[in-house]
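Chain IDs A, B, C, D and E follow the sequence of writing; residue 1 opens each chain.
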């Protein structure tokens, strides 16, 4: 299994690039939902990384268990986040991030 | 009740008793007043009870040995007993005075609570022999003086109270760092062990600088002195309590306790501190000359007299230290009297601006005479107690042989005479500018008169306190024989 | 004795949410109070040392461990939750609202208890997430725009924190193959030089610093605390962020990333910066809760500073300050709740002179503010003193001086608060303000009693209670 | 005669003073009786103790300060003089102060002053001397303050001036005590180089300011107008001079080895000369009976200081003799002024005139006293001035010239005073003026008589009062015979003064304008007007300087306060606003901060491995 | 080996597309697409269970949540969308550049993976780990699901 490290590096580069995309989307967008999508991309990259590590260190079962738990927790967080975005929409009839800046200073 | 238990009660009675007052206050004002006076007089009696044992059998020591670092120990030697007597006596007079004064204002319960707590903090500080507990009581007095200065709850009064609390807190935090350096140098916070471990060698200069910062800020000396005149906005028994009698004396007492009774410092400090003290004396005397608010002038004069006390103590030779300690007592009596008179004047004429006052001697003869006698004692005119202490501090400056300090002392003494007479003449003599004003209430006038008479008696019976103080500082390391 | 701490609240949630809705809703508050009191009693018993057989143990392999550090945290969780429930009961109107609130408090309780007792990195992540989710909803409980904004900011930043933690856990998994503290600790020690491990350590620490609200990462904290409803801000400020952020940091810096030099210097730096930034920001605030938020950033800075110092005494100081801070910070937030409910606003410029009108709140806020500023007779002073002594003994003189002088800043903004809210003349609109309800006052007096009790009995407690805390350090 | 009798001269008047104060305003005559009794008792006691040599000492406050009293010839002599004067003045003021307000305070202060003076004279410990010496400050302040309603300003002026000089005395005493090692005066004898000189100067300042010489004299003329007249006769005229010169003599004779041609004696002599000239020039132009006398009191001190300053036995004897003579004739002059004021109600020379017929006895006493102060031969002033001239001539003719010019001007001014007050035509409202009552006349006559006795039989006071003070070894080989050349010059000067007076009266037309030609002389005009406007008054100049300096001190204080009030607050609010602006509120910014934070942490970790 | 490269590149491209597209609906679809590619990769890394979970939960559930959220919030009209597209492009052209640069840079970096691990524990089956070894995580998941439920109730029940 000599190409194990190559696979690891290949997909880890992929995961890091996903990370970069996720953070870029989180930071640059004004739309709250698009920010959550950015968040979702970050979670995907982390899941990929965990599975990759599991694969490399032959601890595939443990990695899968962690990944599954991770996915469940992320779903709950995203669900709550979307709920909050909907409430924001109900209050100010818009989901533009720039309007959510009045607790400053 | 052997001596050690009495010593513990001296500290605990006012501290714990103070919290009973608000409840007593709800029942009746009279009961609360009596209880407050009782709580102030009891420690005085206990200290007097301890006095013979300390004089005969040497210092008393009470330790609740709980743990090695933060051990609650009380230590009563001559120096502490002297200070305790002066402060307990003065605060009982001030409490007696404030019966008449505070009855006009609201939230009196908190006032008496804070005054008693202040006295408890002061007594605790005088007797505590562990640096951390010394700091603890030091801060209790800071809190209570903050609440008392802001007693009238007006906006800029509270700002002044905050300012006083912040400046003293800044100084005391530096002092805390000083204590920690001492702890690092000697391995313990207990004064006795510090004394033994340090022995002959001097305390590190960093520690001395830090300690001095705290001491100077609490005793309102030059760099940190501006909070004291501003605290003049407090009710006048409080200003008497703070400025004249107790709060500023805490700084001076801790200076004596640390720099004279516990460790020795390099000789350069014996010139630096007098210079600072002298500068503070002159600047505040100058400010007292110009200011027109009655209480601010008396506060500035306290700053300058504290400068002289520091001069005496920091020069270090025996007559200087004895002079300094006597000066504390005499100044406490006299300046307390001055402030209480100012209180009577302020309460009756409703104004503190001396340019608007005049000719009060006709309508308030007893207050005027008491004010005159107390200011004579502060100026150091013979039959009054102030003369001997001023003379002793003067001779100590001469013995130290430093020309400049002698000169500053002389100029300071001259300015004291001038500004006190200026105040007396503008307020009491001359033609009356205010509408006719009646004399203060009985309790106030009695306490003021008693302070004035005491200054004279202290003058005549000077022998007894001097012997006591000389015995007290007999074996202290910091005194240069 | 440990697993009930976790499972009983779960049981409570399940039972309370059974269909017989009318009965359970009224009961929920009493069950909550019962649970928190039981937790306090359990901790005291555990501290006394009788390990009763863990009845639930045989069914589950929870892998919970408990040493003195956990006991301290459990105690503060119990106390702060009790205070939250009392305040919540008073401030949240409506039967259904209160029931929803209680459910969330139970969830938060499980989350915090779990975080404190576990010994596995991944479960640490899970339980931190549990507390986080509970806090999101608690913040957004009243559904006004500010609350939602605070919740959203907290979600975004806590998500970045979890991303960092998970990446670092996966790297550790790569290095060790197992995520328990012990295994991770030994592995990190061996492969110190490998850049991947360095990245793992850095990421995990930053994740926890975000959770703890230390300066460069503290953006969400003022928004979350000030926008949350009164009861929620007590829970959050009191204990939630501390367990998920600071406790985890203490646990890891002492066991997993055992005291290597660079981690300590980072913590020292972060601690000092957050003390100063928190203090300076708090001075300029005009809103009561925002000022308390910045003040808690500054006080957390002290804990981080002590952690950075690393010696035994420093860690003890940090833990003691953590406990004290959770008590007097929640007391301050309880006072802000009282002021908010009675006068309707937390804008300090509109408030004034409530001291005479609300004596209990005034007295307890006095105790709390003096303890925060580190004024002797109260608990805050002793913990700060221990931290300063530890720093000084490590010749970190500059850090110690900055930390000490910062308490002058702390005193400054708290005096500002006292003057504007309690100490001055009564503001015009607040003529008929009465004292807050019995719930808030009892919560305030319990917390104040603890602060004063700890402060006054500290010398006696020093050897018997405080020193053994360091037993969890190797 | 046990040792403790020495305490009585202090105790009796002090206790009497307190008693008088405490019995309050009721019966006036009781107060006078007690005062008379007390002063008489002290006089009797001091006379009986005259020949004694008593030492009495009890420990007081440690540091070498003990309650030591010593009675020897010099102090006994001063005691007797002081008690005698006070007895006469009490008698005098029985009628003079008959219906004035606050009488009990007046008698109390008088008696306490007597007690304090006795104490100061008897004191053998430096600090005890200072204790009594500064105690006089209180009574000085009190007595002036109970004069006219506006008298408190002068009281304060006097208090400040004398207070400052007492502080110098305190400094001097501290220094002397330090240098000599012991505080008992009789054991001290210090050389006068470097610190010794400083100590001498400081003590000397205390002495001459009590005596009322030039730089410290400005309160005396104001007090003359404001204070009750018996005070002027009692303190500035007699007691203060006795005490001041007593101390000056003690320090220059016993305490410090002052030798003739040293710089210090030159200093003393110049102060003496300046005092003579300046004060008499001012006295000449005065228009008020009492102010004129007060300036003369200041100028006569110059003679005494000049005498002692010469350090020649003859000079010192002359100075001391002049001290007692001056006390006599100056108090007599003041008493005459008092009786004039009592009868006519005013002391303004313009309103007085031609009283010699109405008040013959007062006039006679005035003539005797005026003659003796001007140094007319048969009276006591002449002999003491002769001795001083003799010594001054030896030391340097400039001093002799000043002295003789002083005599000329003194004579001229007293001729003017006598002419204006008693001669000339009587104004109508003084028509029915009668002679003053007996209790005021007796003291005047007695003192005038003593002036004559001390003048004619001057060897009596010289041999058994003044000479023993210097002791035998100093006086060996000194003879005090009259120096014919000096006498002739003095007579010529006096005649010149008479002629000048007659010429001036003819020019100006009336007695009291006799000195106008000097007043408006071209060069002197400016100085005189400035002097009237108090430009040269060291007290006012000093106060202005102190006010200016304290303005500077006040500025420093405000600067420090500014640091706390504004500077620190500005920094705090500035920093906090910067930090508050940094929190923009957008979550994206906070995420960026966190990422930067992570980067920074990882870099720091990388760097350290 | 090339299949892995293709999968990796397509994953990154899908993610980039989700972020770059103007219309919100398209980005949710993009998200689902990335999730599918991720599932394929997971199958390649022989961890099927995690892959199934990923597919069903992320691709299915989360996309459903997002779509319902978008539908509830007000839709952009066409010309608003066009304007947003131009404005989006001005901000997001930087993303692909960064990705390419980062990819090249990361390619150079080679960190040795010389970690000597013990042998994997015997019963290393996923079901066994979740159900028998990690009960604490199980409780955690249950509680967090309850929290989610209470949250949604609290947020929407009025």
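Simple rule for what comes next: a residue touches a chain if its C-beta (ideal position, glycine included) is under 8 Å from a C-beta of that chain, and two chains touch if they have at least 3 such contacts.
The shown structure was predicted, so the numbers you read here are calculated from the model rather than taken from an experiment.
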{"item": "Other chains in touch with both chain C and chain D", "value": "A, B"}
{"item": "Those chains which touch chain D and also touch chain A", "value": "C"}
{"item": "Between chain A and chain B, the fewest steps along chains that touch one another", "value": "2"}
{"item": "Most extensive contact between chains (C-beta pair count)", "value": "A-E"}
{"item": "Per Cα centroids, the chain farthest from chain D", "value": "E"}
{"item": "Middle chain, criterion being Cα centroid separation", "value": "B"}
{"item": "Approximate Å spacing (C-alpha centroids) for the pair chain C, chain E", "value": "32"}
{"item": "Intercentroid distance (Cα basis), chain D paired with chain B, Å", "value": "38"}
{"item": "Centroid distance [mean C-alpha coordinates] between chain C and chain B, Å", "value": "43"}
{"item": "Rounded Å distance, chain D centre to chain E centre (Cα mean)", "value": "105"}
{"item": "Set of chain A residues in contact with two or more other chains", "value": "22-23, 26, 28, 35, 43, 54, 56-57, 59, 62-63, 69, 73, 76, 80, 84-85, 87, 100-103, 105"}
{"item": "Residues of chain C whose C-beta touches two or more other chains", "value": "122, 126, 129, 133, 136-137, 140, 143, 152-153, 156, 160, 174, 177, 195, 222-223, 284-285, 412"}
{"item": "Pairs of chains in contact (touch as defined earlier), listed by label", "value": "A-C, A-D, A-E, B-C, B-D, C-D, C-E"}
{"item": "Sites on chain A touched by chain C in the complex", "value": "19, 22-23, 26, 32, 35, 39, 42-43, 46, 49-50, 53-54, 56-57, 59, 62-63, 66, 69-70, 73, 76-77, 80-81, 84-85, 87-88, 91-92, 100-103, 105"}
{"item": "Complex contact set, residues of chain D against chain C", "value": "572-573, 575-577, 579-580, 583, 585, 587, 589-591, 593-598, 600-602, 604-609"}
{"item": "Residues of chain C that touch chain D when the two form their complex", "value": "152-153, 156-157, 160-161, 164, 192-193, 195, 198-199, 201-203, 205-206, 209-210, 216-217, 219-220, 222-223, 260-263, 265-266, 277, 280-285, 409, 412"}
{"item": "Touching residues (chain side chain E, partner chain A) in the complex", "value": "1, 4-5, 8-9, 11-12, 15-16, 18-19, 24, 27-28, 31, 34-35, 38, 41-42, 45-47, 49-50, 53-54, 57-58, 61-62, 65-66, 69-70, 72-74, 91-92, 94-95, 98-99, 102-103, 106-107, 110, 113, 115, 117, 120, 124-126, 128-130, 134, 137, 140-141, 144-145, 147-148, 151-152, 155-156"}
{"item": "Residue ranges of chain D in contact with chain A within the complex", "value": "580-581, 583-588, 591-592, 595"}
